[in-house]
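Going in written order, the chains are labelled A, B and C, and every chain counts its residues from 1.
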Amino acid sequence: MALVEARGLTKVFRRPDKAPGLKGALRQLVVRRFTEKVAVDHVDLAIDAGEAVAYVGPNGAGKSTTVKLLSGILVPTAGEVRVGGVEPHRDRIANAHRIGVLFGQRTQLWWDLPVADSLDVLRDMYGIDRATYTRRLKRFDEVLELGEILPSLGRRLSLGQRMRADLAAALIHGPEVVYLDEPTIGLDIAVKDRVRGFLRSLRDEGTTIMLTSHDLRDIEDVCRRLVIIDGGRIIFDGALTALKDEFARERILHVETAADVPLAAVQASLAGATVTAGDSPRRFSVRFNRFAMTAGQVVAALAGHAELVDFHVDEPSIEDVVRRVYSGELMAR
Amino acid sequence: MLRTIRLYLRLLGTHLRASLEYEADFWLMALGAAMTQVAGFVFIAAVFLRVPDINGWTFWTVALLFGMVGFSEGVINLFFEGMWWLADLKHNGELDYLLVRPYPVALQALSSQVGLNGLGNLLTGGALIVAGLVNTDIDWSPATAVVAVLLFLGAMAARVGIMLACNATTFWLEGPTSMFAFAVHQVGDLARYPLAIYPVVLKGLLGVVLPFAFVSFFPVSWLTGEGGTGWLGLLTPLVGVYCVVLAAWVFRRGLTRYESAGN
Amino acid sequence: MRPYLALTRAMLRSALRYRITFLMGMFGMFFQLIALFAVWRVLLDEREIGGFGWAEMRPYLLIGFTCGMIVSSFTDWRMAYRIVEGTVSLDLVKPVDYQFARFAEIVGGIAAEVGVAVVLWAGVLVFTGPIALPPPELLALFALSMLLVVPLKFLFSYVAGLGCFWTHHYNGIRWTQQAVVAVLSGMMIPLALLPSWLATTAAWLPFAGVASTPGLIFIGRVDAAEAARLVAVQAFWIVVLWLGARLAFRGAVKQLTVHGG
């Protein structure tokens, strides 16, 4: 059985309809009307121990809601969640010991306390013995450079410092499963790199990770499996490379020739591909499906028209693919 | 159990330390709370300069009622002030992290604030209780003392339970304030006077629906023999347990409705 | 005048927007009146205390409560919050007089509070019977003195609010202010029934103007000449406190620059 399992997971929020004005307010007191919004819609998900899963989707797709359902913060409207056999919202305390949660937008540090004290309160709460605690803290210090921020008050931290301290707070009890919601949001490149490195080492040690992020670099660096959610439904679940195979079939070959070539003739010789003119008569692009023909075949066909001075192949980045999935340009399943 | 209590005190202590940073504010809060108690008491003291009793209740027995209400107020301020911030925690989605920690959510929320006014309320309330006990003719025996302590604890539990339950209704209400609980809090102040002076609807409200009468009236009535309803006072510990259990139940039910603001 | 009217309107809108919160707050205060009514009803059952019978005490308490209710819910919290948070510096750069701007906001809140007061009076009259009106000259003085309650109460809150330039929380100041007003304004008990030393103290302080004065005039405890004198005392305190508050404000703003906002 998978470590984290969700079956038919659904969350519906009810929002009261607010009619404007005093009359609307009075009517609202008598007859309450609601609009239902399905945030997460029959999601099935299974994550094995030690897996690192990226969970992506456009804003409002239901990413955070899923994370909150999996961690037991929200109670599902329908369906069920089990983490290591435990239903998180029913058995919070047992669940809490196994999981670590980080919401990048929000800190769990105590505003008025030095970071060291916040961590020590958590140590007490999780019942971590001194030796283990010191060992973990030392490790976090090596990767996240906590030392300098431990004495600072929570409210005085910069965003980057806060995120590093929050990572430590989420992981101080050595959780089996870690949910990270936007752990690099608003950070500069240097801190982002450090956080990514830390997550990789965490993954290599066998911690199960579920990561949501808008920065796909985070995902490529840390995860091998990708789950895409849109409108509360999962529209892709598989290996990152499989995503490319499925959606990124298209290649574009950019060519520069030694002599002018009539594009119509080129098009005629390349059935199934699309030829478009470039910014000079000797430059043009060929768009083709890499499963229908190979780049070598395209080059060979072109060489029959004129000598090729230069060419390169564009492969869509994972970012392009995901962006096009969001925008509905690529229909999944 | 012991660990739970120790951790609770530790959580409270961290906030206490932080709020003591502003010493001047500490004294002002304590003074403000004490003055509020004193203002109510000056009124009743002035009344008793003109009349010997209210419905048979003498000055010092009424002082006991005032003291119990004030002291219970202080207990909430000092140890459970977080309840007044529950609406705020809910509204800003700040319960998220509390829900993934291995410690009861209600206790984390309750210990999330310390009201420094509590000290003023405890001192004035305590002083009134002591003065009331000294000046009232009570037939003390070891058994009386034990029962009195039990009634006192029950009374405090009743107040904390009622107010927590009312604050937990925030999960069913919209908006970021505890206005409903605030209104109920004002109802609680009615318990500073003998129950007999109120019309029957209010007697039912204070005795049954929101049993504030068990915070002051019934236990004091048992101890002093005033008011003729002493036997009801013996129910105080039960009512206290009932209120706390009810509050925990309301809180737990409410938590399942928590929607966690933001994305 | 335009910017001040805009503030008044903004405050009224905000009162209407948070009407549930606002009404709940008023509803809560209502229980204070219930307690006072219950205590005095029993005390004055078939007897008079210091010349006050239930017939006088009922309107007196109702007026005192109404005075306590108005000017209670808005500006001071907002003002204190902005001072503590430091956003007050934005208020200070606006081309309006700070003190008068806060007063304009109060007036907006009062419009909502008066609405509640009317409903309250109607309710009390229906359930506990009609109230005898004083003779016309006293009624006129009563109306005038009720009007003066507004600036006077505003000044109490305003001066208390200025205290936030020195502290970080408003609660302590507010509670102290309210407690002092509760006792020395005669809101809960006519000042004449207080021990004489306390009554004398109250006579020399401005607080009687926000409850005792309109109450005594309405129930006809004072004759027209004495009523006129009490109203003049109210006016006197308004002038003194208005000017005093300006002085205090100057000192307060210095605090702001010292701490750098």
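To be clear about the criterion, contacts are C-beta pairs under 8 Å (C-beta built on N, C-alpha and C of every residue); 3 or more make two chains touch, one makes a residue touch a chain.
Chains and their UniProt names: A = ABC transporter ATP-binding protein; B, C = ABC transporter permease.
Everything quoted here is computed from the prediction, not taken from an experiment.
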- Task: Taking the mean of all protein CA atoms as the centre, name the chain whose own CA mean is closest to it.
- Result: B
- Maximum inter-chain contact count - chain pair: B-C
- Whole-Å separation of chain centres (CA-atom averages), chain B against chain C: 28
- Task: Averaged over CA atoms, how far is the centre of chain A from the centre of chain B? Could you give it in whole Å?
- Result: 47
- At what distance in angstrom does the C-alpha mean of chain C lie from that of chain A? 57
- Query: Taking each residue of chain C in turn, which ones touch at least two of the other chains?
  - Reply: 20
- Residues of chain B defined as touching chain C within the complex: 22, 24-25, 27-33, 35-36, 38-40, 42-43, 46-47, 49-51, 54-55, 117, 175, 177, 179-180, 182-187, 189-190, 192-193, 197-199, 202
- Which residues, counting only chain C, touch chain B once they are in their complex? 18, 20-21, 24-25, 27-32, 34-35, 38-39, 41-43, 49-50, 166-169, 171-176, 178-180, 182-183, 188-189, 193-195, 198
- Message: Touching residues of chain A toward chain B in the complex: what are they?
- Response: 13, 16, 59-60, 63-64, 68, 71-75, 89, 92-93, 95-97, 99, 101, 103, 105-106, 108, 110-113, 117, 121-122, 124-127
- Item | chain A partner contacts - residues on chain B that touch it in the complex | 3, 7, 10-11, 14-15, 17-19, 21, 93-97, 99-105, 174, 256, 258-260, 262-263
